[in-house]
Amino acid sequence: MSNKKLLVVSAHAADYVWRSGGTIAKYIEGGAEVHVVCLSFGIRGESNDLWKTPGRTYDEVKEIRRGETTKAANILGIQHFELWDQQDYPIRVTEELEDRLVRKIREVRPDIIITHDRFDIMNPDHNDVSAFVYRCAVMSNSNGVRIEGTTATKQMKIFGFEPHQTELSNYKPGSIVDITSVYDKKVAAMECFKAQSHLIEYYKQRAIMRGNHARRLSGNQSYKYAESFMNYYPAVGPELY
Amino acid sequence: MSNKKLLVVSAHAADYVWRSGGTIAKYIEGGAEVHVVCLSFGIRGESNDLWKTPGRTYDEVKEIRRGETTKAANILGIQHFELWDQQDYPIRVTEELEDRLVRKIREVRPDIIITHDRFDIMNPDHNDVSAFVYRCAVMSNSNGVRIEGTTATKQMKIFGFEPHQTELSNYKPGSIVDITSVYDKKVAAMECFKAQSHLIEYYKQRAIMRGNHARRLSGNQSYKYAESFMNYYPAVGPELY
Amino acid sequence: MSNKKLLVVSAHAADYVWRSGGTIAKYIEGGAEVHVVCLSFGIRGESNDLWKTPGRTYDEVKEIRRGETTKAANILGIQHFELWDQQDYPIRVTEELEDRLVRKIREVRPDIIITHDRFDIMNPDHNDVSAFVYRCAVMSNSNGVRIEGTTATKQMKIFGFEPHQTELSNYKPGSIVDITSVYDKKVAAMECFKAQSHLIEYYKQRAIMRGNHARRLSGNQSYKYAESFMNYYPAVGPELY
Amino acid sequence: MSNKKLLVVSAHAADYVWRSGGTIAKYIEGGAEVHVVCLSFGIRGESNDLWKTPGRTYDEVKEIRRGETTKAANILGIQHFELWDQQDYPIRVTEELEDRLVRKIREVRPDIIITHDRFDIMNPDHNDVSAFVYRCAVMSNSNGVRIEGTTATKQMKIFGFEPHQTELSNYKPGSIVDITSVYDKKVAAMECFKAQSHLIEYYKQRAIMRGNHARRLSGNQSYKYAESFMNYYPAVGPELY
Amino acid sequence: MSNKKLLVVSAHAADYVWRSGGTIAKYIEGGAEVHVVCLSFGIRGESNDLWKTPGRTYDEVKEIRRGETTKAANILGIQHFELWDQQDYPIRVTEELEDRLVRKIREVRPDIIITHDRFDIMNPDHNDVSAFVYRCAVMSNSNGVRIEGTTATKQMKIFGFEPHQTELSNYKPGSIVDITSVYDKKVAAMECFKAQSHLIEYYKQRAIMRGNHARRLSGNQSYKYAESFMNYYPAVGPELY
Amino acid sequence: MSNKKLLVVSAHAADYVWRSGGTIAKYIEGGAEVHVVCLSFGIRGESNDLWKTPGRTYDEVKEIRRGETTKAANILGIQHFELWDQQDYPIRVTEELEDRLVRKIREVRPDIIITHDRFDIMNPDHNDVSAFVYRCAVMSNSNGVRIEGTTATKQMKIFGFEPHQTELSNYKPGSIVDITSVYDKKVAAMECFKAQSHLIEYYKQRAIMRGNHARRLSGNQSYKYAESFMNYYPAVGPELY
C-alpha cells in the first residue's frame, strides 16, 4: 500500500467516514496518500438533528459540519482534505464542477477512487454523485480531453460505498476490507458527527456484521471489523484475489 | 502463490484447459500445487469430431480423450491429475460422487477451487457440476459432516470458468488473470485436443480479448493474454484488489 | 382508510385514471382524502386521436383534455385536483417544478404517494416523472430542505403505476388492490377520454386480468377486478401482508 | 391476527428462531396458532461448536439440539412443534417427504407459510428446502392431488427468511415486521442455542438494523426491533400496505 | 413456413393450446408439420373443476382430458399428437423419459421447439419440463449421445410459453406472433377444455392484449390477436427481425 | 431488404463501423437505403493515438477523423452520411439537438434504427446517446409532437450496438446477423481509422467470435462472420425468428 494514492469523493460531509473511514485509515497506516473531496456539507440532507434547534441558519449548520468533518479527517490521518461546498439535496452537477473534478483526478492521479455506489434507494444525491464521478474518471483517462496543465490519467480502480439500505439498493459486496487494526480510529472519527449520532451505532454494528462476513467468507478468524465495497470493475492482476 | 493449493474441477476432459489452462500454468510457475479432477472424458458431449469416424466406439473415444488430456495436463505441469470417468451428457450426481468429492476437497485442502460458473446456456452438464462442486465445498467446510479420516476444511475461495457464450449465460467477469508469461504453454496444451480443434482458435482469440480488457481495465500495458473468472464470493482481505 | 391521505402524481392527463382510478375511488369510498396532480395535459404525447382532425391547435387539444380529465376526476370523487399544464413529450423537470412539488407534498402530507413506476419502455416521460417524484419526496422528508411556510414530512409509502407493456418495462406487481366495489366508477371515468378510446377496452381487460391474479394469489373468490402497483419500499408494520 | 394460522418450515433446528422468532412470538401474542416443522436437527451443518468436543457422536448432538430447540419453541409459545429428524447437509427431498409435508399443510391449513428464501449463497440446504416447501404448497392447493383424509387448501401467503449474507443471496426485503413488543422473547429463545452462540449477537444486531430500517421506511419511531422477509407473492387485498 | 417442422412439448394436456394454439395453427396453415407431445394429462394439477364432482376417479379424469385435448388437437390441425401419460404434480423426470424425448427429437428433427419458459411462479411442473426439454435438446444435438437408430440433430430454435402470471415469473416476450387469421381456431380449440373453462376467457383476453402490443411495437394495424414467446436463444440469420 | 430504410446513429465517428459496418453493408447489398448520423467526431474521447503527436490541435484531429470516417462510409456504400460535429466526452444533449434528430427521423422514416445499447460500462457518451435516440424515436412517433413540414412516423424497430466490454455492460445479444458476404468491406472500412488501429484487430476477432456463435446457435455452417445487436423490442411478425 505504501506507494498507493486514493481519491475518495463523498457527496456529503460524513459519507466518507461512515462508509470508508476504516479503509482510509488502513491505507494511511500502510503508507498510502489519501485525498478526500466532500462535495457538500450535507446541510439540507444530512443534518436533521442540527435543524431541530429553533432559529438555526444555513451558515451555522455549515460551520458545525465543517468543524465535525475536519476533526474526523484529522483523526483518520487524511493528508489532503477538501470541502467543495456545493448545495446538497440536490447536488447539481454543472460543467464547471465536472471540469473541476477531472482536473482534481489528473492532479492526484489516484490508483483507486472510492465513491458512492450506483444506486441508493434512500438518497438521490448518492446516485448523482456516483454517475458524476464515474463520468469524470472516464474523461480524465482520455488524452483528447485537453485541460491546460494536466495530462490524461491511466485507468484507476473504482469502488462504491455501501448504501444505507443495501438490499433495496441492489448493492452487492465485491470487496471486503479488514479494518480491525484501525477500527478505533474509525469509531473516533464517527463520533465527531453530533448531527447524525444515530448513525454511529448503526455503522459500528455494520463493521461487526461485515467482520462476521469476512471471517465466514475467508476462514480468517482474525478479522473482527470490516467494510465492504462494490467493485465497478473486475479485479485484474497476476493472480486470483 | 508459492504456498497456495488449487483444486480445479472440470466437467469434461478439456474444460480446465480452455478455460483456466493459463491460470493453472501461472500458479504452477509461481510455486503452487495444483490438483485437477476431470469428472468425465466428455465422450458423449465434447468429442463431436471423433464420432465422425465410422464405427467409432465409446472405448476408443475414451482412450483418445485420456491421451489428449493427460498430455495437456503434463504440458501445464499439473502435479495431481485425476480422471473420474463418469458418464457425461448428462453427468449424474450421486451421493457416492458427492462423498468422493467432499473427501477429495478435505484431502487437498485447497485455498482456491476453480470450477464451472453457475449457468451455461449451451451445456447443462456445466450447470450441474457447478452446483455439485459448490454443495460439496459447503459440506467439506462443515465439521459436522463426519467422514472417517478427514477433518473439515476452512472456507476457500471459489471461481467460475467462462462459459462458451458468456452474455447469454449471464456471465460477468469478476477476476481477470494475466497469463502472458505462460500463454505458450496454454496454447501447447490446447493443441492436444484434436477432437475439438475448432475451439483452439476460439480460445486463443478469447485470451487476446481478455488481454485487451485487462489492459483497458488496469492501464497496465504489459498484459497481452488473460483469462477471466466469475467470483462466487467477494474478495476479502487487507486491501482493495 | 378513513384518515389516510393520498397524493397521486400523473405525468399526463389520463394516467391516473387508467392506472389507479379504481384504487383512488376505493380510498375515497373508504373516507380517504385524495389529491391528484396532473403534470401535463398529454397534448403532444397522449392525444393521438385528437390530432387526426385537420387544423387542430394546441389550445383546442388542451381544452378538450382539460374537460375530459376534470369530468373523470369528478366521477372518481377526487377532492383535490390540479392541472399543472407542463409541456409533455418531453416533460422538462426544472428547479422551479421541483420546488413546487416539494411544497405540494409538504402541504398535503400524504401517507401514500402513487406515481409512475421507474421504467416504462414505451414512454420516457413516465420514467422522468418517476425519478422526479421520488427525488421530491426525499427532499420533502428532509428537514434541512427549508421552504418557507412548510415543515418536513415523514417518510410516506410510494407505489408505482403499471406501465402499458409490463414485462418489457421490468414491472413486477408488489401490491394488488381489489377494486370490485368501485369498478363501475373506474369504467365511467375511463369513458371520459375520447382521445384514447382504444385504451378503455385495454384497461377494462387489465382489471379483469388483475382480478384473476388477485383471486389466484389470495384464494379470495370475491375479487373480480383489481389494479396492481409496484412497491418502491417494503411493507412495514405490525404483521405480514 | 387472532384467527390466523401460520406454518413455519425450518431446514435446521434453529433457523426459525434466528430468522422469524420475533414474528412467531408476535403472532402468538396476537392470538394466532403457530405450527413449526424443523426438518432436521442441523447435526451435520449447524452444530459446529458441539463437534469441537472430542468423541462427540451424532446421537449426542441430536439430543442437545432437541433440547435447545424445544426450549426455544416453548419460550416463543409455539403451540405445535414437530421435529422431523431428517439428515442435513444435504437434506434429501424424497417423495415420502413431499407427501408428508403436503399432508401437513392440508392439516394445518395455514394462512401464511414462512420458510427459507429461494437462494442462500452459504447454505444449499436452505435452497432445497425453499423449493421443497414451495412445491408442496402448490400441490396442497390443487384438488386433483388426492390424499386420503385431506382436502385441498386455498392459496396461502408465503414469506422467505432472511439468509445469513443477504446481498450475496439476492435477498430483498418485501416485508418488515415490528417485533419490539416481543423482542425479549426472541432473545431468550436465541439464547437456548449454545452450539451457535456466535449467532446470537449477530441476530440481535440484525433486529436492531431492521428496526432502524423500519423506522426509516415508515417514519414510525416506535419500531425498535424488526425482522424482514422476502415476499413470494404480491400483497393482495382491499388496500395498499 | 411450408417446410418447417415444429415440436411442441406441453407439461399438461392443455398448455399447448392456451399458450401456443394460435401459433401452431398458423404454422400448419402455412404448410408446416407440427408434432405435439403432452407429457401428462394434468390430472392432478389442472383438472380442478372435474374433481368437484363427488366420487370422481383418476381414470375418469384421464378419459375426459384425453377426449378434450384430442379434440382440440384436431381442431388445430396437428398432424402428430402424442399423450405420454406421465403423472403430474409433480412430473418426475426419469432417465427413461429423457431417452424417450431425445429419441423423439431426433425422429422429428424440428426446426423449432416450443415448450415452457424457464420459470413459472405458480407451477413447478412447468419449470421442470422447461429444464427437461432443454437438456434433451442439448443431448439430441450431440453426436456422441449414441442412440440406436438415430443420428444427432442440428441446433434448433427454442421458444418458451407465456406463464400464467408473467411478471412474477420473470417472463419477457422475445417474439410476438400474429395469430389473427387463425384466432377462431384457437378459440374453438380452447373451448374443448371444460375442466378449465375459466381459462378460456383469460386466454382470449391475453390474445387481444398481445395483439395490442403487436400493433404498438410494429406499427402494423392489421394485427388483432397475437401470442408471445420467450426466446431461449437470439435470432440468427441474414437480417434483423 | 430491398425496400428497407435504416437510420444508424453513432456517438462518435467510428462507432457505426466497428459495431454495425457489416450489417450496414449487408443491407446496402440487399438494396436498402442507409442513413448514418455521427453525432461527434470523437475528438476528445476516441482519438487517443492522434493526440500523441505533440502540438496536435482540435481542428487537425477533426479533419483527420472527418477524412477517415467519410472514406469508411464510402467503402460501406452508405447513401446518406451526416457529421453533426457535436462535442464529445461528454456529448451534451440539448433541446435543439433533440428537435434536429426528431426531424431527421421523420425525414428518413426508417424501418430500423440502430444505435448504442443502453449501458456501456466504459463510455458514458454511449449511454447518453442511447437514451437520446430512444427518446427522439418516441417523440417522432407521436403525432402530437408538431414540427413544421413533418408528420409522425410509425413505430420502427430499434437495435443496440455491442459495447466494447459486453458482459460488464449487461449486454445480451438478441439478434446475430451473418455478415460473411460483406466481411471484406467491413475490414476495409475499419482500416480507415488510423487513430484507433488497435481496435481493428479487436473487431475482426469479434466478427469471428460472433460467427462462431451464429453457427453454434443456428446449425448453419455457412456463417463465418457476424455482428450481434441488442433488441430494444421483441420481434413481431407472422412467424418465429
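In order of appearance the chains are A, B, C, D, E and F, and numbering begins at 1 in each one.
The definition used in the following text is that contacts are C-beta pairs under 8 Å (C-beta built on N, C-alpha and C of every residue); 3 or more make two chains touch, one makes a residue touch a chain.
Source: prediction; values computed, not measured.
Looking at chain B and chain F, the chains that touch each of them are A, E.
The minimum number of touch steps linking chain A to chain E comes to 2. Comparing the residue numbers each copy contributes, chain A and chain F share less than half of them at their mutual interface.
Chain centre most remote from that of chain D: F (centre = mean of CA atoms).
Farthest chain from chain B, judged by C-alpha centroids: C.
The centroid of the Cα atoms in chain C and the matching centroid in chain E are 37 Å apart. Chain D and chain F have centres, each the mean of its CA atoms, that are 53 Å apart. For chain F, the set of residues that touch two or more other chains comprises 122, 168, 172-173, 213, 216-217, 233-234.
Chains that are in contact with each other form these pairs: A-B, A-C, A-D, A-F, B-D, B-E, B-F, C-D, C-E, C-F, D-E, E-F. Across the complex, chain B meets chain F through its residues 122, 164-168, 171-173, 198, 201-202, 205-206, 208-209, 212-213, 216-217. Within the complex formed with chain E, the residues of chain B that make contact are 42-48, 50-52, 58, 61, 89-90, 121-124, 168. Every residue of chain A that touches chain F in the complex is listed here, in rising order: 98, 131, 134-135, 138-139, 142-146, 232-234.
Remark: chain A residues 1, 23, 26-27, 30, 112, 141, 154-157, 159, 172-178, 213-214, 216-220, 223, 226, 228-229, 231, 233-241 touch chain B in the complex.
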